[in-house]
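Two complexes come next, and they have one chain in common, chain A, joined by chain B in the first and chain C in the second.
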Partner chain A sequence: MSAVIEARALKKQYKGKFALNDCSFSIGKGRIVGLIGPNGAGKTTAIKAILGLTAVEGELRVLGLDPFKQREKLMEEVCFIADVAILPRWATAKDLIDYVEGTHAKFSRERCLDYLSDTDIKLSSRVGQLSKGMVVQLHLAMIMAIGAKLLVLDEPTLGLDILYRKRFYEQLLGDYYDGERTILITTHQVEEVEPLLNDVIFINRGKVALSETLDALAERYCNLTVDASRLEQAREFKPISEKRLLGKNQLLFDRADRDALKQLGDVAPPSLSELFVALLG
Partner chain B sequence: MNAANRYSTLIKRELIEHRKAVIYAPFIIAGIMFALILVSALWNGAFKVNGTGFTAKMLESAVATKGEATLALVHQGWMFGFFMIFHIASGIVILTYSLGCLFDERKDRSTLFWRSLPVRDWETVISKLIMATLIIPAIFLIALAVLQALIVVTFVVTCWQNQVDATRFVWAPLPFLATQFWQFVSTFAGILWALPVIGWILLCSAYAKQRPILLVLLIPGVIAAGVMMMNLGKSAMWAFGGRDAARDMIVDYFSRFGHLFIPMVGGNWKDSFENVDETLLRIEPIISHVISMKGLTGALIGAALIGTAIWVRRYREDAAI
Partner chain C sequence: MSALQQHWNEDQPIYRQLRDRLMEMILDRVIEEGDAMPSIRQISVELKINPITVTRAVQELEECGALEKRRGLGNFVKPGARDELLQQERKKFLKEDWPALRTKIERLQIPLETLLTPKPIR
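After this line comes the complex of A and B, so read on.
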């Protein structure tokens, strides 16, 4: 697995406070990776560093390039959606398509128009007059028509209704992702992206708290739901977190003996959000 | 995708974004002025046969009182008047454009979209500089030329209507193309002169976190106040008389603006208008300023400020996400 992003001991301080502190991770080609963490965890700084928008200490290579020093070259292979509000409101869809066509060698106008033909967006539509959902559709259509090797999405569906969110991810998987391209997503809507992801990176206080494939997570962690009568027995297996749910107790275990746990109650893999709360909460 | 296509894309983006101020405004100004002139001409009956007042009749009476040479001055005079109006209007548009062009895209966060494409920061800044220093003045010059041409046509029509010799009163004494050339040279000499100001405003636009206009005005204001305070101390202590070489140089540089345009009349508009009998609009003083040490120093300072603006755009940390 060749690494698309290789980060070693990244450090970044803002006014004496570490946004990234000895942060290391690696993202392989063709993976869909969730970068997940609470507010202020360092996700945005990590993404800015990956896009070459901020200088960081440590070693960072994206597609073999130094993102800060070789940003323009990197942008030939990397696309980015920050959130729905970054397209200029004064521009029409045609203005933006013309601009991307004139500045990006890999852009295919035909493909972009093809994607847009499935939407209600007209070429004469001005961004300021489109709904948030349509703006993100427009942005996605342009990005899919570039076919970059790496796509970075920072809260791409923030503020969109569920229909647009669903459609966004469907298009991303159906039309963009081909198994060769890499997608890095940060979002708070963990449940929504979980079915898409191959890998997950939990980041907290500028450090990587967990970096695993989803398959490995399912093998490593498990949830046990037990009655109060068996709670003490379950606790002997040293759960990493515990909560009460509808009169039952749910305990989360890391590398526990599943066969033994199954004697005590129902064992199931935890969701990403449960893991997130347990590990970073 | 070749470089020419790439740069024309960058310029096209600027033209579309600022179309109201850059494309519509100059032609609207020209249209309004021409409409006013037409209304005024109609009001004065200039198009009627043997109509009273205005244009042809005015020219006839000017020649009668001041002689044939007056015709050239009259034509240069009105063309210069419209030039000054367009010159000031384009100056306002250039300064407003420069103030917002690197700031507004950060304010509305669209900078993240623009910077997500493989365009170098210096290319973006240079495209904005080209807009401010070449495209905007050129569009204003075109609108001005159209207006002046329409006015000439009006003159000719009124001459015909009044059976006055259009060749004698309009075609022969009117240095239309020479004036266009003078306007062209004056405009771009003015731009070169203003390069330190444009560079400073672009730098503030690239750097400002909130209101670039505050930076544009405050920093020179604080420096000027500081220099004045130092001079006060100096003159009190050493009785230097408050002279300061740097201040004098700056004041001289900027006051030269007036001399740049008035000097076509030799530094004194009124005297020259009355005494010069052939060419009001002279190019030599403008050229000699541009290639003077002061002119070149100003252009160099402007270039240094623009270079700093590129650096700030490239390396500033708060590209908002």
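After this line comes the complex of A and C, so read on.
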């Protein structure tokens, strides 16, 4: 698996406060990766560094390039959608398509129009008149028509209703993702993206707290639900967290003997959000 | 679970649940023997799950001997697959599910006749 992003010991300070503090991770080609962390964990700084929008200490390679120094070259292969709408309100869809066609060698006008034909967006529509969901659709259509090798999504579905979120992920999987392209996605809607992901990176206080494939997580961690009578016995296996559930107790284990736990109660894989709370809460 | 991913429970990995669902589709003849299975991409987009997860579920069905690959055309339900799956699933039910159900029936002292009452037609 060749790495699309290789980050080693990244550091970034804002006014003496570390946004990234010895942050290392690697993202393989063709993976769909969730970058997950609480507010202020350093996600946005990490993304800015990957896109070459901010200089960082440490070693960072994106598609083999130094993002800060070779940004122009990198941008031929990388696309980005942020939670804050960055498309200018005064522009029409046609203005934007003309602009991207003129500036981006890999843009296919035909494909973009094809994607837009499935939406209610007209070429004459101004961004300012479109709903938030439609602005994201327009943005996604333009990006899919570029077919970049790496797509970075920062809270892409924030503020979108359920129907637009569904459409968004359908398009992402159906029209953009082909098993070769790589998607890096940050979101607080962990449950929603979990089934989409291959890998997850938990980031907290500027450091990587966990970086695993979802398969490996399912093997490493397990939840055990036990009656109070068996609680003490279960605790001997050293759970990393515990919670009460209507008279029962749920314990989360890291690399525990599953067969032994099964003797005590129900064993099931934890969800990403449960792990998030247990590890970063 | 969020409304977007309403299909899954948290007791089992998604690929297992998907495998079971595909299996039920074959048992219920929603997909007939000799029919093509929906493609990995189709399932992935429809359910909004990673294609690798789908591939795994389909692989497990292949391993049960329910599917056959036809080059360039994808997966098809094998002739005889339904009978084969029925046998396997019956065995599994009797071994894994029935003992617990039986204990529960006995605990609740439900008479046999009640259990055998025909299902009301909806």
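Couple of notes before you dig in:
Definition applied: the second predicted complex is superposed on the first by the 280 of 281 C-alpha atoms of A that agree within 3 Å, B and C clash if a C-alpha of one lies under 4 Å from a C-alpha of the other, contacts with A are read in each partner's own complex, and residues count from 1 in each chain.
Rule of thumb we're sticking to: a residue touches a chain if its C-beta (ideal position, glycine included) is under 8 Å from a C-beta of that chain, and two chains touch if they have at least 3 such contacts.
Predicted model only: the values in this text are computed from it and were never measured.
In the superposed model, A:Glu59 lies in contact with neither chain B nor chain C.
By the touch criterion defined above, A:Asn198 reaches chain C but does not reach chain B. Legend: residue contacts after superposition of the two complexes on their common chain; A:Asp257 is shown touching neither chain B nor chain C.
Touch criterion not met for A:Asp161: it reaches neither chain B nor chain C. Contacts of A:Gly179 after superposition on the shared chain: chain C is touched, whereas chain B is not. In the superposed model, more residues of chain A are touched by B than by the other of chain B and chain C.
Contacts of A:Ala82 after superposition on the shared chain: chain B is touched, whereas chain C is not. In the superposition on chain A, A:Gln189 makes contact with chain C only, while chain B stays out of contact range. Under the contact criterion defined above, no residue of chain A touches both chain B in one complex and chain C in the other.
Those residues of chain A whose C-beta lies close enough to touch chain B in the complex are 44, 47-48, 51, 53-55, 71-73, 75-76, 78-80, 82, 85-91, 95, 98-105, 139, 154. Residues 1, 5-6, 8-10, 12-13, 16-17, 105, 108-110, 112-113, 115-120, 315, 317, 319, 321 of chain B touch chain A in their complex.
Contact residues of chain C toward chain A in the complex are 1-5, 8, 10-14, 41, 44-53. Chain A contributes residues 32, 162, 165-166, 169-170, 173-174, 177, 179, 189, 191-192, 194-198, 218, 266, 268-269, 271 to its touches with chain C in the complex.
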